[in-house]
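Mind looking over this structure? Questions follow.
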Amino acid sequence: MELDKTDFKILAKLQDNGKSSYSEIARVINVSEGTVRARINKMLKEEVFEFIIHMNPNKIGLHVQAIIGLETKLGLQDHIACQLKTHQSVRFIGAFSGKHDLIIQGYFRDNEELVSFVNEQLAKIEGIISVDVNVELKQYKDTFSYIDT
Amino acid sequence: MELDKTDFKILAKLQDNGKSSYSEIARVINVSEGTVRARINKMLKEEVFEFIIHMNPNKIGLHVQAIIGLETKLGLQDHIACQLKTHQSVRFIGAFSGKHDLIIQGYFRDNEELVSFVNEQLAKIEGIISVDVNVELKQYKDTFSYIDT
Amino acid sequence: MELDKTDFKILAKLQDNGKSSYSEIARVINVSEGTVRARINKMLKEEVFEFIIHMNPNKIGLHVQAIIGLETKLGLQDHIACQLKTHQSVRFIGAFSGKHDLIIQGYFRDNEELVSFVNEQLAKIEGIISVDVNVELKQYKDTFSYIDT
Amino acid sequence: MELDKTDFKILAKLQDNGKSSYSEIARVINVSEGTVRARINKMLKEEVFEFIIHMNPNKIGLHVQAIIGLETKLGLQDHIACQLKTHQSVRFIGAFSGKHDLIIQGYFRDNEELVSFVNEQLAKIEGIISVDVNVELKQYKDTFSYIDT
Amino acid sequence: MELDKTDFKILAKLQDNGKSSYSEIARVINVSEGTVRARINKMLKEEVFEFIIHMNPNKIGLHVQAIIGLETKLGLQDHIACQLKTHQSVRFIGAFSGKHDLIIQGYFRDNEELVSFVNEQLAKIEGIISVDVNVELKQYKDTFSYIDT
Amino acid sequence: MELDKTDFKILAKLQDNGKSSYSEIARVINVSEGTVRARINKMLKEEVFEFIIHMNPNKIGLHVQAIIGLETKLGLQDHIACQLKTHQSVRFIGAFSGKHDLIIQGYFRDNEELVSFVNEQLAKIEGIISVDVNVELKQYKDTFSYIDT
Amino acid sequence: MELDKTDFKILAKLQDNGKSSYSEIARVINVSEGTVRARINKMLKEEVFEFIIHMNPNKIGLHVQAIIGLETKLGLQDHIACQLKTHQSVRFIGAFSGKHDLIIQGYFRDNEELVSFVNEQLAKIEGIISVDVNVELKQYKDTFSYIDT
Amino acid sequence: MELDKTDFKILAKLQDNGKSSYSEIARVINVSEGTVRARINKMLKEEVFEFIIHMNPNKIGLHVQAIIGLETKLGLQDHIACQLKTHQSVRFIGAFSGKHDLIIQGYFRDNEELVSFVNEQLAKIEGIISVDVNVELKQYKDTFSYIDT
C-alpha cells in the first residue's frame, strides 16, 4: 500500500492526539469526514498503524528497565526469539548486525525480578551463549511520533 | 498515585484495544461507566498512560531501523541527550549502565539517511566520542502490552 | 525499620570510633545513655550494623589482592555464588549488570596462592565460563564510613 | 611486625565477635588478660587492625551499589585517586592490572545519585577518559573475616 | 535498468570466461550475435559490469595483504575515505555498521611497506582515531562470480 | 616467474582497459605484437592474471554486502573454509591474524537472505563459534588496479 | 642466595660481553681471579645465570615471530602449558593476569608454519578455548641486559 | 649469508652449552677446529648469534614481570619505541598486528616500581593513548634454543 499526502496528514494528526475524532481531523486537513473514515479503516486493515495506549512503566510498577544483548548459538536465533516472545517482561526483540545478537528490551518490577528473569527464565531457553544486561539509569525520550509534521 | 485492581483492569482492557469505549469496559469489568470515565481521566492526568497510535515504520517508509550506542564525554551526557531529543529520526534515548553510553533507537528511510544521520547530524553535537551502529536485520516483537492479563 | 536523626548520629559516632562507649556517645549527641543503649540494641537486632574488626590484609600476610570477574553459565550463577561463599580467600561476591558476571574480591598470600585458587579451586566449580583476574597494584582508599558527618 | 600464633588466635576471636572482651578472649585462648591487652594494643598501634562498625548500606538508605572502572590519562592516576578519596560515596579505590584502570566501589541513594555522581562529580576531575558503571543486582557475600579459624 | 534472463545468461557466460566472443555467447545461449552485442553495450553503458583483468597479488610482488579497520572521528569519515582513495595500496574502502569504522583492504610488498603505510601514510590523514591491522595468513577464496549458473 | 618491465607495462595497459587489443598494447609500449601475445600467454599460463568481468553487485540485484568475521574452533578452520567456498554468496574467504578468525565477504539480495545465510547456511557448518556481521552502509572504492602506472 | 656488589659487578661485565675471561673481569673490578671463578661457579650452581648464545631468528630462517594469547579452560592451564613446552617453535610461556590467558611467544619459518602451528599443533591440545595471534611487524629492542651499569 | 649444515650443527652445539670449546665442537661434529673457529667468527661478524649470559630475573631481584600493550597515536609509534629503548626495565619492544599496539616486556623490582614506570616514565612519553598491563603470575618456559637438534 502506497500512502499519499492525505494519509500522512491523517497520521500526523493522530500522532499528535490518539483520540482525535474523525470530524476534527476532517476539519483540520480540509477533507470530508467520510474520506477520513475510509482512509483510517484502510490503513488499519493494512496494518499501517494501530490504536494503542502507551503506559508509563514506572507508574504501573515496572521500575527497572533494561536492554539485554544475547549472543545465541548459530541456527537457534529464530527458535530463541520465538520462546522469548511469550514472556510478559519482554517488550521488544530484534536481530541486529554485530556479534549475532538478539537485542531485547524488558521491563521489570525491581532488580530481583530482572535477576530472576535472567537466571531462571533465560536459563531455560536452549542456545543462549551469553547475556549482557544494561540497566537504564535515566530516560530522556520515548516517543511514537515518527512523522515530520 | 497508587493504582488499584480496578485501574489495572481498565488498563488491561485498553491494552487489548485502544479504542474500547467506556461502556464496553464498564460492562466487562463490572463497574459503572462513570467509574471508568473517572478512573481514566485521573490516570491520564497523572500520566499513567496516554492514547497514541503506533505506526509500523516499514509501512510509512522507514525501512532502516538501528540501535546506536554512544560513548559520551564525561559531563556532557545530559547536554547531548537534549540535543538528540529534537531529531525526528530518534525515537528513544536512555542512559544505561556500562561504558557510560547513551543508547538511542532511530528509524531511517534507508542506509543513506542513517549514514548521513551519523556523519552529519551526530557530528554536529559536541562530546560524542564513539558511535556504535547496530542495524536491525529482523524484528520479532514490538509490543506495548506490559500488563499481565 | 526507619532510622531517625538520633540513630544516624549514633552511627556517625561509632563510624568514627568503633570503640566509643555508650556514655561517650550519649554525652556528645546529648541524649541519655539508656537511649543510646536501646537504639544500638535495636539497630544490632535489625542488622543495621555490626561491630567488627577490620584487618589490614598486608599486615596479616595477605599480600596479593585481586578483583576477579566471572562469566557464568546461564542459570548457574546462584549455585556458583553459593560454592564461592565457603572459600576463605573470597571476601566479596556480587552479581552485577554487564556481561552476566559475578564480581568477586579475594585476598591471597602470594601469586602462587592466587594462581592455585583460579586453576584449582575455581576449576572445581561447574559453570564458570571465563575468569578475568585483575591484580591490585596500589590501594588508595578502603573505608567503612558511609555516613556524611 | 611479625604476628605469632597468639596474635592470630586473638584476631580470630575478634573476627568472630568485634565486641569480645579481653577476659573472654584470654579465657578461650588460654593466656592472661594482660597478654591479650598488650597484644591488642600493639596490633592497634601497628595498624594490624582497627575496631569499626560495618553498616548494611541498604538499611541506611544507600540502595544502589556500583563497581565503576575508570580509564585514566597516563600520569594522572595518582592525582585522580586523590580527588576521588574525598567523595563520601566512594568507599574503595584501587589501581589494578589491566587497561590502566582505577576500580572504585561506591554506594548511592538511588540511580539518580549515581548518574549525578558520574555526570557531575567525576566530570569535574581532569583526566578521566572513560567510565564503566556496573550496577550491583544481588549481593552474595561481604565479609571481613580473612583468617582461617 | 532491469536485467532480463538473456542479460543474466550473457553475464553468466562472461563470468565463466571474460574473453568469450560475441559469436560464442550467441551460439551457447541461442540468440543472435547482434543481440549479444547490443545487450553487452547497454550493460557496459549502464555500468552493470566492466571488462577487467584480475592480477594475483603475490605474482606481481604484493606479498602482504591486510584488512584494516579504522575508527574515525565523527563527521570526518567521508573526508578520510576520499583521501584514502588516492592510495595505490588501498584496493577497497567501505563504511560498515559497528563501531563507526571504515574497513579497508590493502596490498603491500612486505611488512615494512605495511608498517610505513600505517605509520606514515595514515598518520598524515586527520581524524583517524585507531587502526586495527589484520594480516592475511592464508587465502581460501577470491572470486568474482556472483551469479548462480 | 620473475616479471620484467615489459610484463608490468602490459599489465598496466590491461589494468586500464581489459579489452585492449594486442596491437594497441604493442603500439603504446613500443614492442612487437608477437611479444605482447607471447608475454600475455605466458602470464596467463603462470596465473599472473586472468581476464574477468567485474559486475556491480547492486546492478545485478545484490543489495546487501557484508564483511563477516568468524571465530572458529581450533583445528576446524581449513574444513570450515572449504565448506564456505561452495556458497555462491561468499566471494572472499581469508584466514587473518587476530582472534583466529576467518573473514569472509558476502553479497546478498536483501537483509532476509543475509539473515538466512547466517542462521541456516552457517549454522549447518560444524565448528563456527561466533559470527560477527558488519553490514556495508556505503562503498567508497573497489578497484582492481594494483599496479602503479 | 643473596648477591652482593661484587656479584653484580661480575654479572654486569658478563652482560656486556658473554665471552669475558676471568682474568679480564678480575682486573676490571679489582678482585682476584680466584674470587671471580668462585663467584661465577656459585652463581651458575644457584642458577642465577647461564652462558648461552642468542641467535638472531631472521638469520637462521625464522622470519615470522608472533605473540599468541591463549584463553584456556579452567583447570587445564598447567596441563596445556606443559604440552606447549615441548614445541620447538615456542620460546616463551607465561600465565598472566587478565582474561586467564597464557601468553606464548613463537618463532616460525613463514606464515604457513604459523598457520599450521595454530590449526594443527594447538588444535591437538585439549582445553584451548581461543587463540589470539599477533604477528610481529617490526622489532625495536630485544635485550638481555637487565642490570644497570 | 646462507647458513649450511655445518653452521647449524655448530649453533646446535652452542645452543646446548654456550661454553663449549672449539675443540669440543670440532670433535662432536667431525670437522677441524679451524673450521669451527672460522665459521663461528663469520657468524659472529654477520650477527647470526652472540655470546651472552641469561640471568634469572628473580635471582637478581626483579620479582615483577609484565607484558604491557601500548596503543599509540598514529605516526608516533617509531618515536615512542625509540624513547622506550633507553629504559633499563624494558627488555623487549615490538610492533605487532592488531590494534596498532607496541607490545613491551618489562622486569621490575616490585609492584611499586611497575606502577611508577607506568604512571611516571610512560606518562612522560608523548603519544601513548592507552596502557594495558598484564602481570606475570607464573612462568612455564623461557628458552633460547630455537634450532631443532
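Per-chain residue numbering starts at 1, and chain names A, B, C, D, E, F, G and H are given in the order in which the chains are listed.
Keep in mind that, in the parts below, a contact is a pair of C-beta atoms (placed from the backbone, for glycine too) under 8 Å apart; a residue touches a chain by one contact, two chains touch by 3 or more.
On a predicted model such as this, the values are computed, not experimentally measured, just so you know.
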Notebook entry, point to check: To reach chain F from chain B by way of touching chains, what is the minimum number of steps?
Noted result: 1
Check: So how far apart, in whole Å, are chain C and chain G when each is placed at the average of its C-alpha atoms?
Finding: 41
Notebook entry, point to check: In whole angstrom, what separates the CA-based centres of chain C and chain F?
Noted result: 59
Next item on the list: Name the residues of chain D that each touch 2 or more other chains.
Entry: 95, 97-98, 115, 133-135, 137-138
Checklist line | All chain pairs that touch each other | finding: A-B, A-C, A-D, A-E, A-F, B-C, B-D, B-E, B-F, C-D, C-G, C-H, D-G, D-H, E-F, E-G, E-H, F-G, F-H, G-H
Check: Which chain C residues qualify as touching chain H in the complex?
Finding: 111-112, 114-115, 133, 135, 137-138
Notebook entry, point to check: Of all residues in chain H, which touch chain G in the complex?
Noted result: 1, 3, 8, 11, 14-15, 17-19, 46-57, 59-62, 65, 67, 81-82, 84-85, 88, 90-98, 101-103, 107, 134-148
Next item on the list: Show which residues of chain F lie in contact with chain A when the two form their complex.
Entry: 66, 115, 118-120, 122-124, 128, 130-135
Next item on the list: Using the touch rule from the top, collect the residues of chain H that touch chain E in their complex.
Entry: 71, 74-78, 95, 97-100, 129
Next item on the list: Could you pull out which chain H residues touch chain F in their complex?
Entry: 97-98
